[in-house]
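Two complexes come next, and they have one chain in common, subunit A, joined by subunit B in the first and subunit C in the second.
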Partner chain A sequence: MPNSTHIVYRKSSWWKLNQQRLTPWIFLFPGLLLFLVYVIWPIFNSLYISLLQWDGLSPAIYVGLTNYIELLDDEYFYISLLNNLKWLILFMLAVPIGLGLAVFLNQTIFGIRLIKSLFFFPFVISQVVIGIIFSWFYNPRGVIGPFLDKIGLSNYAILADENFATYGIIFAGIYPQIAYCMILYLTGLNNLNTDQIEAGRMDGAKGLSLFKNIILPQLKPATFLAIVVTVIGSLRSFDMVAIMTQGGPYGSTNVLAYYMFETALSEYGYRMGYGSAIAAVLFTIMMFYILFFIYRMYQSEKKGL
Partner chain B sequence: MKKIIATLTAILAMGFSSSFAGTLVINTDLTDPAPKAAFEWAFNKFQEENPDVTIEVNNFDHEGYKQAIRNFLTTSPPDVFNWYAGNRMLPFVRAGLVEDVSDIWSDTGWVDGNLTEGMSHAKKPMTIGGKQWGIPYTYYQWGVYYRKDIFEANGISVPTTWDEFVAACATLKAAGVTPITIGSKYLWTTAGVFDYLNLRTNGYEFHMALTKGEIPYTDPRVHAVFDKWDELVKPGYFLENHASLAWQEAIPPMINGEAAMYVMGNFSVALFKEGGLTNDNLGFFQFPEITPGIPMAEEAPTDTMHIASGAKNKTDAKRFLIFLSRADVQEEMNKTLGQLPVNSGSKVDPDPFLEAGLNMLNNAYAMAQFYDRDAPAEMASEGMKGFQEYMVNPDRRDKILERLEKVRQRVYK
Partner chain C sequence: MFPIPIQKRPLINRISYKILVPVSLFIWLIPLIGIMLTSIRGLGDITAGNYWGIPSEFLLFSNIKDVFQNTPMLSYIINSFKITIPTVIGAVAISCMTGFALASYKFKANLFIFFTFIAGNFVPFQILMIPVRDLTFQMGLYDTVTGLVLFHVAFQTGFCTLFMRNFIKALPNELFEAARIDGTSEFNIFLKIVVPLTRPAIAALSVLIFTFIWNDFFWATVLIQGQHAMPITAGLKSLNGQWVTVYHLLSAGSIIAAVPPVIMFFLMQKHFIAGLTLGASKG
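Coming up: the complex of A and B.
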C-alpha cells in the first residue's frame, strides 16, 4: 500500500518538476503538428517523388536520379533558371524605389493619407488583375501603341519578343512590389526615434548624411523585411508569368515555379517526378538564400545591433 | 462545392444504379448549355423509343472529367461514356478499358440500315488495330476562312493548289493586306497550320505515323513540310506579333480588313459574325492541295461515345450507340450543337459554313483529330511550342526539329 501512494506522489512531483519545461511544448504542439504535416512532410515527399516516373494515377516507377539527369540536358530548365536570376536582380529595385517613395510621402500635408493609400493601391489589387491590365498595355493596339509608333517601334509587342518579354513581366511584377516595400518603410519611418534625429541635427548632420547615418540604420528592420519578401516574391513569380505569357513565346519567359507547374499539373503535364525535380532545385536555391539570411541576422543580433 | 456534390451523387449513382437490369449508366462531361440540351433531347428520345430502359446520367464538369475518366474506367465503369477519337482513346483501348464495337460497324450488325455506308469516312479515326472502339456523333471542320470582298478587290479567286495559294498571299501582301492572321499565344493554332501542311504534303497515313511517334522529326519528309511553311513564314505572310495574341485577338484584323485569311475551326464563325462580318463578305475554302494526287484528309476533331469493357449492360449500351449513330438523331442533336453530324445521311441547317463543311467532310479521305489529340500530351505541348518558335524564327528550324526528336525519343519509349 505505501508503495502505491509513493507512485502517485512521484507522478505528481514529476509533473510539478517539469511543468515549466513542458508547458511551452504543449502549447507549441498543435502548431508543430500542422507544420510537420503541411510543410515538412510534403518537402520530403516531393523529394521522394522526384525520384519516380509517375503520371499521378498509374503505378509509379522508381527511376533514381534520371529526372535530375534529364534536367541537366533540358534547355527550358536553363532558360527558367536564368529568368529566375533576372527576376531576383531586377526585383531588388523595388526596395530602393519603395524607400524613395516612402520618404517622399512621409510628410504632413493636407490629404497625405489619401495620397499614401493611392500609392499603396497596386498592392491591394490582385496580381491577376495587374497581369491582365499590363498585357493590355503591352498590346501594340493598346495604350502604349501610339507612343511606340512615335519612337519608331510601331507594332512592337514586348510580350511576343523572346529577348524582352521577361523584362515586360518583371516590370508588371515590380509595380505592386514597390507599393509593398513602400508601406514597410512608411511604418518604419513612423517609428523613428526623434531624439536621435534631433541629436544628429545638433551635430550638424543634414540632408543625405542625416539620411544615411541616422535614418537608414533605424530602418534596418524594415529593410530586412523588404528584402526578404522581395526575394521570396521574385522566386515564386508564378502568377504573372501564368497570366501574361504562360511561359511563352516558346518557353522563353518560363521561371522555375511556372515550369514546374507546366510539367506536373497543366493540361499537357502529368509528369509528377520531373515537376518534383524542378521543385527540388527551386527549394534548394531558396534554402541557400534563407540560410544565408538567417546566418547574417544571427550574427548581427549577436553583435547586439 | 457544387462540383463535389455532383461528383458524390455521381459516385453514389454509379454504385446503386448499375445493378438493375435495364438501367443504362452514362458518364459524360456535357455541362455546357448546347451539348447539355442536345443530349437531354437524345436521352428522352431514346427512352421514348425504348421504354424498358432507364438512363442514369452522371455528369462531370469538363476539366474534371479528364482526370475522372482514368478513375471511373478502372474502378467503377459505366456502360457508356463520351470521349474523343484518334490517339486520345488509344491509352484506354490499350489498357483494355474500352469495348470493341466492330460488330456495330459491320454491315450485318447495323439494325436500321448500313452504318458503314453512312459513316465510312469517319471509320479510320475510330479504328485501332483493325477494330472500331466507339461511335462518333459530332464534329466540325477546319479550313481557311477568308474575306470574300478583299479577295475580289484584289482579283483573287479561291485557291485550290499550293501555287495559287502562295500567289494569292503575295498579291495580298503587295496590296498592303496581311495575307493570313493567326494568334499563337496559346500555341494550338500553329498546330492547325502544321497539320494541314503535313496532311497535304505527306498524306494522312504519314501524319498519323508521325503523331504516333513512328517517324523521327528530323525525317526529310518533315523537313519538306517546313519547306512549304517557309514559303509562308519567310515572306511574312502571317500576322506580325502573333505570339502575343490569343486566337480571338487575331480576329479583329480580319474584321477591319487588315488581314484576309485565317486557318481555323468552324467555331470561329460565331466570333467573325459578332464582329460584323456576314455571309456576303466571309467565306470558307478547303485547305489547298500541295502534293498532287495525295487523297485529301481533313482536320475534324470528333466527339465520340464508347462502351466500357466493364459495362454491366452491354446490350442496351449497344442499342444506345446504334441509336446515336442514326442520321435523324445526329441531325437533331447537331442542330442544337451548331456542329456537323457525322452520319452523311443527316442534313444541316441552311448555313453556308455548315454546308461547306458537311460537303467537304463527307467526301474526305480520312479525318485527323488535331495535333494535340493525335499526339500524346507531352509530345503535343513540346511540338506546339516548337511550331510557334519556328513561326517567329524560321531560321531555327533544324534546332527545333532536333529538340522535338529528342522529346519524341523520350515520350514514346
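Coming up: the complex of A and C.
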C-alpha cells in the first residue's frame, strides 16, 4: 500500500514538472489528428494517386507521369485552365466594385445599417441558390426574357452559347463576392485614422487625391484580405458550374475544379489517377497564393513576437 | 470620416443621395426580388410569361406546401441541421483547444503547426476529394451524416484555429501568468479563464461555420448519395434537374433553403461580420 501512494505522488510531481511542456500537445491532439488524417495526408495521397491508373475498384497500376503527359494533349484541360484564368481576372473586379460600394454606403443616414445588411445578403445565401436564381434569370423563357425581346435578342440563352456561357456564370459568381469585398472595406473604412484624414484635408487634399494618398494606404489590410479571399473564391468555382451548366455546352464552361470531379466521379468514368493529376495542377496554382499568404503572416508574426 | 458625411453636403446632394441609395439597393437585389416574386406565382403566370408584373395569384404558401408535400424537402432540411449543428459544436470546441495551445504556449513546432492549419484551410477541395472519399468508404461512413460531419469538423478546424489563436493571443497574458502563480492548473486556466473570455469569438465562429456548412454543396455531393442523408443544397440541385419548367416551386424551395442562414445572419449580424472581417482593420 505505501508503495502505491508513493507512485501516485511521484506521478503527480512528474506531471507538475512537465505540465507546461505537455499541455499544449494534449490540447492540440484532437484537432491535429483530425487535420492530419482528413487534410494533410490526403494531399500527399492525391499526389501519389496521380501517378496511378485506377478506377477506384480494381487494383491500381503505377504509370508514372503518364497522366500528366496525357493532360498536355487534353483539349478540355486547356479549356478549363483558360476558364479558370477568366474567372480569376474577372473576379478581381469584385475588389474595386466592393470598395466603391463601401465608400458609397459609408454614411450615417436613417436605416443605413439595414441597407448595408441587405447589400450583404447575397453572400449569406448558398451558391447553389444563387446559381439557380441566375439560371432562371438567364432563361430566355425566364425573368430576363421580356427584356431580351425588347432588344431583339429573343430566345437568346447565354448559358447555351458556348462563347459566352462562362461569362454568364462568372457574372453570377461575382455577385456574392462583391458583397464580401464590400463588407471588408466597410470595416476598413470604419477603422480609419481620423487625425490623418483631417490633417490631409487641412493640407488641401480633396476627393481623389485624398482617397489615393491617405485613404487607400490605410485600407491596405482590407485590400490584402479582399484579394486573398477573391482569388480563393475564383478558384473554388465548382458550385456555380455544377448548378448552372455542368461544364457544358460542349465542355466550354468547365473549370479545373469541375473537370476534375467529372473525370473522377461521374458517369463519364472513374479515372481517379487522371482526376488527381488535374487536382494536382489546381493545387500547385493555389499553393503559390497560400505560400504568399503564409509569408505575409509570418512577417507580421515576427514583428509581433 | 471618409467620405465626408452627407449631412455636411449641400441640400441637393443630400436629397439625391437619399434617392440613390434605395434605387441602387433595388437594382442590386433584382435577382433576389425576381426569385421572390416567382415563388409567389402560380403555374398560370409562369406559362403566360408574367415574370415581372403583379402576380395574378398569391400562392407563396401553397407553393411552399407543394414543395414539402411533393419532394423530400423536409428531410433535406432536417439533414442539413443534422450535419451543420454537430459540425459547429465539434469544430468550435476543438479549435478552442488548438487555439489556446498555439496562442499561449511557446514550443518549437508552434508556428509550424499554426501555418500548417492555415495552409490546409486554403487548399482546393479537389486535392482532398478522392482520398477523403476512400477513407470515408473504408470507415463504413460513406453516404452517412456522420461521415460528412467528421470531414467538415476536420477541415473547418483549420480556419477556426486561425481565428481562435489570434483571438486568444490578443488577450492579456498577465491573466494566465497570475493564475499560474496562484497554482491554477493549465486545464483550469483553459476552462475557467480562456473559455469564458473567448465567448465573443465562439459566437462569431459559430455563425460563420453554420453558414459555411449549411451552404456546402461540394462535399455533400462527394460523400452523400441517397436522400436519407442529403442536405438541402444537394437536394435543391437534384430538384433543379427534375423541375426545369416549374420555376415557381424551385423558387419556393430556394427560399426555404436560404431562410436559416439569413435568420442566423440577422440575429448575429455583429458577430458574423466581426468573424468575416477578422484582420481587415489591422495589419
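Descriptive notes on the structure:
To be clear about the criterion, the second predicted complex is superposed on the first by the 251 of 305 C-alpha atoms of A that agree within 3 Å, B and C clash if a C-alpha of one lies under 4 Å from a C-alpha of the other, contacts with A are read in each partner's own complex, and residues count from 1 in each chain.
We take it that a residue touches a chain if its C-beta (ideal position, glycine included) is under 8 Å from a C-beta of that chain, and two chains touch if they have at least 3 such contacts.
Keep in mind that this is a model prediction, so the values were computed, not measured.
Comparing subunit B with subunit C, the partner in contact with more residues of subunit A is C. Judged by the touch definition given at the top, the superposed model places A:105 against subunit C, while subunit B stays out of reach. In the superposed model, A:184 lies in contact with subunit C only, and not with subunit B.
Contact with subunit B, but none with subunit C, is seen for A:271 once the two complexes are overlaid on the shared chain. In the superposed pair of complexes, A:23 makes contact with subunit C only, with no contact to subunit B. Touch criterion met: A:31 reaches subunit C, while subunit B stays clear of it. In the superposition on chain A, the residues of subunit A contacted by subunit B and by subunit C overlap at 135, 139, 141. Looking at the complex, you find that subunit A touches subunit B at residues 57, 70, 75, 135, 138-141, 155-157, 159-160, 162, 245-246, 248-251, 262, 266-271. Listing the residues of subunit A that touch subunit C in their complex gives 19-21, 23-25, 27-28, 30-32, 34-35, 37-43, 45-47, 49, 56, 103-109, 112, 115, 117-122, 124-130, 132-137, 139, 141-143, 145-146, 175, 180, 183-185, 187-192, 194, 197, 210-211, 215, 220-222, 225-226, 232, 235-236, 238-239, 242-243, 256-257, 260-261, 264-265, 272, 275-276, 278-280, 282-283, 286, 289-290, 293-294, 297-298, 300-301. Within the complex formed with subunit A, the residues of subunit B that make contact are 66, 70-71, 184-187, 240-245, 249, 252, 372, 377-378, 380-381, 385-386, 388-389, 392, 403, 410. If you check the complex, the residues on subunit C that touch subunit A are 1-3, 5-7, 17-18, 21-22, 24-25, 28-29, 31-32, 34-35, 38, 49, 51-52, 94-95, 97-98, 100-102, 105, 107, 110-111, 113, 115-120, 122-135, 150-151, 153-155, 157-158, 161, 185-187, 190, 211, 214-215, 217-218, 221-222, 233, 236-237, 240, 247, 250-251, 254, 257-258, 261-262, 264-266, 269, 273, 276-277, 279-283.
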